[in-house]
Amino acid sequence: MSFELLVDPSLLQLALLMSTPLLLAALGELIIERSGILNVAIEGMMSVGAGVGFLVAFFTEDHLLGSLAAMAAVALMGWLLGYYGITLRANQLIIGLGLFIFGLGLPSLLYRIAFGPQMVAPRIDLMPSLAIPFLSEIPYIGPVLFDQPLLVYLTYLLVPVLSFFLFRTPLGLQLRACGENPRAADTLGVNIIATRYACVIIGAAIIGLAGYFIPAIVTATYTDNIIGGRGWIALQLVIFGRWLPGASISGALLFAYIEALQYRLALIAKSVPPQLFQTLPYIVAILVMIQVYQRAEKPAALMQPYNREARG
Amino acid sequence: MKAKVRLFCLVLVLMIALVPLAGCATSSPQAKSTAVRVALIMPGPISDSDWNMLGYEALQVVAKEQEVETAYSEKIAVADAERVAREYIAEDYNVIIFHGGQFVTATMNLAGEYPDVTFIMGSATPVPDLPPNVWNMVRRYYKGGYALGDLAARMTKTGKIGYLAGVQLPDFMAIANSVHEAAGKVDPNIEVIYSFTGDQNDPVKARQAADAMIAEGVDVIIDWMNAGVSGVEEAVLASDDVVLMTTFSTDKHERAPERYLVSMLLDLGVPYSFMVGEIKQGKTTGVFDFEPGSGMLLSPTYNMPDGIAASLKSLWSQLENDEVIPTENTEKLFDQ
Amino acid sequence: MEGTSVLQATVRVEMRGLNKRFEDVVALDNASLSLQVGEVLALLGENGAGKTTLMNVLSGLYRADCGDIEINGQPVHINKPLDAIHQRIGMVHQHFELIGNFTALDNIILGQEGSRYVIDVAGQEKRVSELCQTYGLHVNLRTKVKDLAIGTQQKVEILKALYRGADILILDEPTTMLTPQEVDNLFLIIRQLVDNGLTVVIITHKIHEVLKVSDRITIMRRGKVICTIPTREANEAKLIALMMGAESSGDCQESVTLTDCGEKSEPMLQVRGLTVKDKHQHLVVEDVSFEICTSQIVGLVGVAGNGQRELAEAIAGLRPIVAGEIALSGKDLTHASIRTRLSKGITLVPEDRIRQGILPHLTVSETMVLGAHHFLFKDNQIFDLKAVEKKARAGIHEFDIRTPSEKTATCKLSGGNIQKVLLARAFLLDELVGIQLLIAFNPTRGLDIMTTHFVHNKLAALRAAGKSTLLISEDLDEAMQLCDRIVVIRASRLVGDFTRDCYDRYKIGAAMVGGEG
Amino acid sequence: MSQATLVRRVPIQKIAKSLLRGLVLYGISIVVALLVNSLFIAASGGNIIDAYSKIFSSSFGSWIGFGQTLNKWTPLLLGALAVALGNRGGVYNIGVDGQIYIGAVFATGLGFLLADVPIPAPLIVFLVLLAGFIGGGMYAGIAGYLRAVYNVNEIFTTVMMNFVAVFIVEYLATGPWNDPIAGEAITLPIISSAHLPSLIPRTGSHLGILFALLMVFGIWFLLNKTRLGFHIRAVGDNPVASEVGGVNIRTSIFLTLALSGAIAGLAGAVEVIGVHGGRLILGLTPNYGSLAILISAVGMASPTIILGWSAFFAVFFVGSDSLQRSISFPAAGVLVFQAVMFLIIMWIRLLHERGSLAFLGEKS
């Protein structure tokens, strides 16, 4: 296996592309978890985003509307998680799993109601990739980095923006306080309930956008189980990045790279059963997490519902 | 809390336990009826614009041509197939079509149990010692694959053609082999690269696999995936240099008009209608070869010189009349 | 030392007829209270008397079921902490409401960052450090709170209130975890605040402190406000009587008498060069050696977070030992499993009752046998509920644990009763395998005087029976009252060793803080 | 003072009252859930009344329906038990699907090994089931080990291992064990003497449910009557306190996950020799794992309560399939149905626990 294969520009370009939905979803989840809510429904949320977004984009032929619809729909799911987890103080994990399953079923139901049996599967035009003048001219890295769809740039732009928001602004400070010690924040007049609701809803919307990314930029069509476990990976990227926006990037890239690489390897190593390569991303993910979990320090109040009147 | 819930459960369990009593009253397992009623059981959603949608279409044809009552169940997991079939039988359906080979167990179990119901099941190679009430549709994809391989070999400029399928099934391996055979006949130096994504219906994987092939210099891709195909289309459309492709089951060229060469269409109406007709005549067993000429046909051709189009059509007709007979090798891939 | 402010008393806060109940418990029963400008009011009462609840209502954390509050003569509604802040009321809770992972500064400015969009860190830091100067509160604002000493954390809490312009400052049990020196320092600060025209409320059950610092004293019992008296008219006996009410049998302060049995005692527990690291590989116990003899109670005191917890847990087997050894009556137990230690009679009454003590959603009986269950059953693999509940009922009776039944979920019990359950567990083990060494962490924290007394007697009884006890107590008075010896730990090393005849609270305190004394 | 002796035995009519309240409570939640679900039915243009009558008639109305309901009940019950045991022991086993697959793999594998070994049928069946049990246990044991030793969150590992399991099955079912005739990802059948006898003739129902019921009792006994069970519950409730009590947390967590997986694996084995005539099939489990999680949650992780709820979900599962025939309701709807049912049951219960449903009397 030659070195050229590992650094082949088209491979890297694809890796960067496929890392984006992971990263975006991870950022959404990060906002939610920083406020003290655990959302394990990402996989379901992403597929709702993919389904709803695709439907709207198909009928309006407009990616903007598609994105907005995806975000709105998933924001609704986020609100639902909030209602159970914050207002009713339910076990966020169990409710999250319920929403995850709900999210698996809903989009294919809607898709089916929208289009009956079709000779040719409905298709939308992909978001065009826009090459940044001059930069994309740079040999080798130009096409890899600067010839991507808008959403890719936006996602990577969101990383510094989010870290600035979290660590340099009053709202960010209060948001983190909700995740660390809600009672303390509450005694200082931070509105825990409102903050957490805002976080689940906004975070969910972002996750929805991440879901829409797949049909809008990769496949142009919607199929059941289109997310294929990426939501679960995103969930882990948050821990991988120790709840810091920037640190999630490397994880997203790593996973996307290995995922893209496996098919190259499969072409060369004929004697090896392809399934072996297909398990590669998941096994690598597990191995990586073994290291990560040693030093993972989650927000102190993660998964703890807040009840001001609770004693002590 | 717990105590009360417990009682609730007991009640539920009791309910379940009592129901069969009601059950025996309402229906008897072996109800007879003369009219032919056809039920189609499909593994996937009929909105897949593919295998299951074709099954659905075929069922309409059967209903029209044979003037029989029909019903269908889609997205039936193998685990549920037998159950669903029994429910149809309980509702006096006497022809059960299993839309795919994964239902072989269900078919065999039921065939023994319900001699007066006829079953239709697909498979890749003929089922040995077929029960007297089972029709067996044997699909011979590799024959079609041979034609596509020949075409690809004539179209490629880089001398590399790709074969892309989802699950590494024996008859999908057979296709790879016949593609290789055909290409070799055209030009021994042509390299055939194949890849299995592990899922017939995952366009994301398909996209990545196709990208990998294109990076390897492949410029004609023979796609043998179902919903996954859209991923291949996007990969082909995204690549800077012209990469052409073919697919099967339905004509999808409108989604990538510049890239599609041809599609191998499957008209399941032909076999299903034929078999149901036979059953109406009282012939409740037999083997139907699903191959060029009987259900498999070529779509219009695009993006190719007339000469090649002509040779493709002639090769196809030779396949139809068995003037060309590709070797069937489901054992292992040509280069292993 | 009553403040002159009492003379021209202007009423700042008036609380009337407040009621509050939690499910079935009445926490406040028609309680009324008034605060005056520039005074220190001590809110005195036993645990569970409703002191904290009353103040939580004033600081907006709880909402009273009925009753009304006037501030400067205006009726106000305090529904949430923010309202209290607007009314310039600040409260420092017994368990600090600080965010360990934030810097002191972040903790202080949280909620009032001074700007809408971007935090001007430097500017805020300047503002806060000015406050520090005015009130003599010296804090390193850039360090993370979890790395600050308890005393300093308290200062951060006070700064939080002042930063929000509070002129009513409520301190809930402010001295519990402080050394005598820190206590004096705190009282100075309080005086300084009052002289600047603030009103300070101190919630406490320690009478001598009340007499030392307050201008007026309000006594509460069972959710009722009994009375309010000027400090100059108060004395210890009178206050006790008021706190305990009718049921008080006067002699609650009568200390446990330790029968002397020094001669025939030989070493029971031997700790040599013990060294322990935490999960970040920091040394938390460093080369500690000491002995506990039979029928001896040894007190381990120190400022919280100096390693006493880790030391106790290491002896109990909860933490891996890096170096050194532990032996019980000669037999080495350095690396023995917790279960072996239990079977040898080493048992721990843990520091953190909730986290380390109970099984919240399992029944009281199951919590009570946990640990003892290894030795409770004839057939070792079977869990015999009958036997368990029989033992539990006995324990509930002996320790007078207030619970509907032994089948109640443990988390339903109040703090005091939970502590009793844990003690009952220890003595159940004694009954089954015989305790050799009891490691007791604040065994009486949160217990009313009667129960405290009861526990002290239990410990004395153990001692009389020739058993050893390691008592880790935040309450120096308790340690001095009970222990034959007191060892002091500071910065994860033993720095002081006092025998009963030479106890001096200030010397011990000095050893704890490592200051002059 | 005498509070301790106050309430020892709860008066019987009080129990009866609360039982009644419970029934009302769950009655309401189910009704509301059905109402919400009828929105979906209406949306896909079906007649709601028909739909629901169909649901229950098809799963109850005939011996066949009933037998099939039993078959569906088995994996759901076993799966839910697996999840529940995990929850009691403080771990979330999201990998039931994967463990079912691996259990099936082991069962099938042993079946092939024993192909021409002369052993009596019952013994073979037992051995094959045992293989599934062990297989699932070992697979989940990996996650258990990672959690116990490296503290890797088991939710993540089990989910990832679901995907891995699918590829393992796909490899076996298309490669070495493939049945070339089928032309699908499906293996050759193992010896027929290893197949489960049928429970009710001509309904396709098999004995599996009996093993499942046995398992319910087994888990109940383990949790409440054994020392290990006590350790599992203790660690699940408060690991730190359990450690103070001399319980080995790591062992407990590992055993919990392994056992949990083993139960799931048993389900896989039962499916293979009960439903699939001794064949290992890709698609052996249509989301049993996910449903198991819901059922376990609704059943508050108590074996006895789960018994009832799994039956209910099985009925619903079988029933909503029949909607395709009756009103050609999209198959995708079934999953939505189940999830909605779950969310609403939880909703009503939580409202009740928060005391928001005063008309039901005081909250428990």
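Labels for the chains are A, B, C and D, by order of writing; each one numbers its residues from 1.
Please note the rule applied: a contact is a pair of C-beta atoms (placed from the backbone, for glycine too) under 8 Å apart; a residue touches a chain by one contact, two chains touch by 3 or more.
Because the structure is predicted, anything quoted here is derived from the model rather than measured.
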| item | value |
| --- | --- |
| Pair joined by more contacting C-beta pairs (A-B or A-C) | A-B |
| Approximate Å spacing (C-alpha centroids) for the pair chain B, chain C | 73 |
| For chain A paired with chain B, centre-to-centre distance based on mean C-alpha positions, whole Å | 34 |
| Geometric centre distance via CA averages, chain C-chain A, whole Å | 45 |
| Chain A and chain D, separation of their C-alpha mean positions in angstrom | 29 |
| Multi-partner residues of chain D (each touching 2 or more other chains) | 167, 170, 175, 330, 332 |
| Two or more partner chains touched - positions in chain B | 45, 47, 168, 198 |
| Chains grouped in pairs wherever the two touch, ordered by label | A-B, A-C, A-D, B-D, C-D |
| Residue numbers on chain D that touch chain C, as the complex places them | 1, 3-4, 6-8, 224-230, 233-234, 237-238, 240-248 |
| Chain B residues within the chain D interface of the complex | 1-13, 16, 19-20, 22-24, 26-27, 29, 43, 45, 47, 71-80, 82-84, 86-91, 100-102, 104-105, 108-109, 113, 122-128, 139, 167-171, 198, 330 |
| Chain C-facing residues of chain A, complex | 168-170, 173-174, 176-177, 180-181, 183-190, 300, 308-309, 311-312 |
| Residues of chain D that touch chain A when the two form their complex | 40, 43-44, 92, 94, 146, 150-153, 155-157, 159-161, 163-164, 167-168, 170-171, 175, 287, 290-291, 293-294, 297, 330, 332-340, 342-343, 346-347, 350-351, 354 |
| In the complex with chain D, residue positions of chain A that touch it | 40, 80, 84, 88-91, 93-95, 97-102, 104-106, 108-109, 111-113, 224, 229, 232, 235-236, 239, 273, 275-276, 278-279, 282-283, 285-286, 289-290, 293-294 |
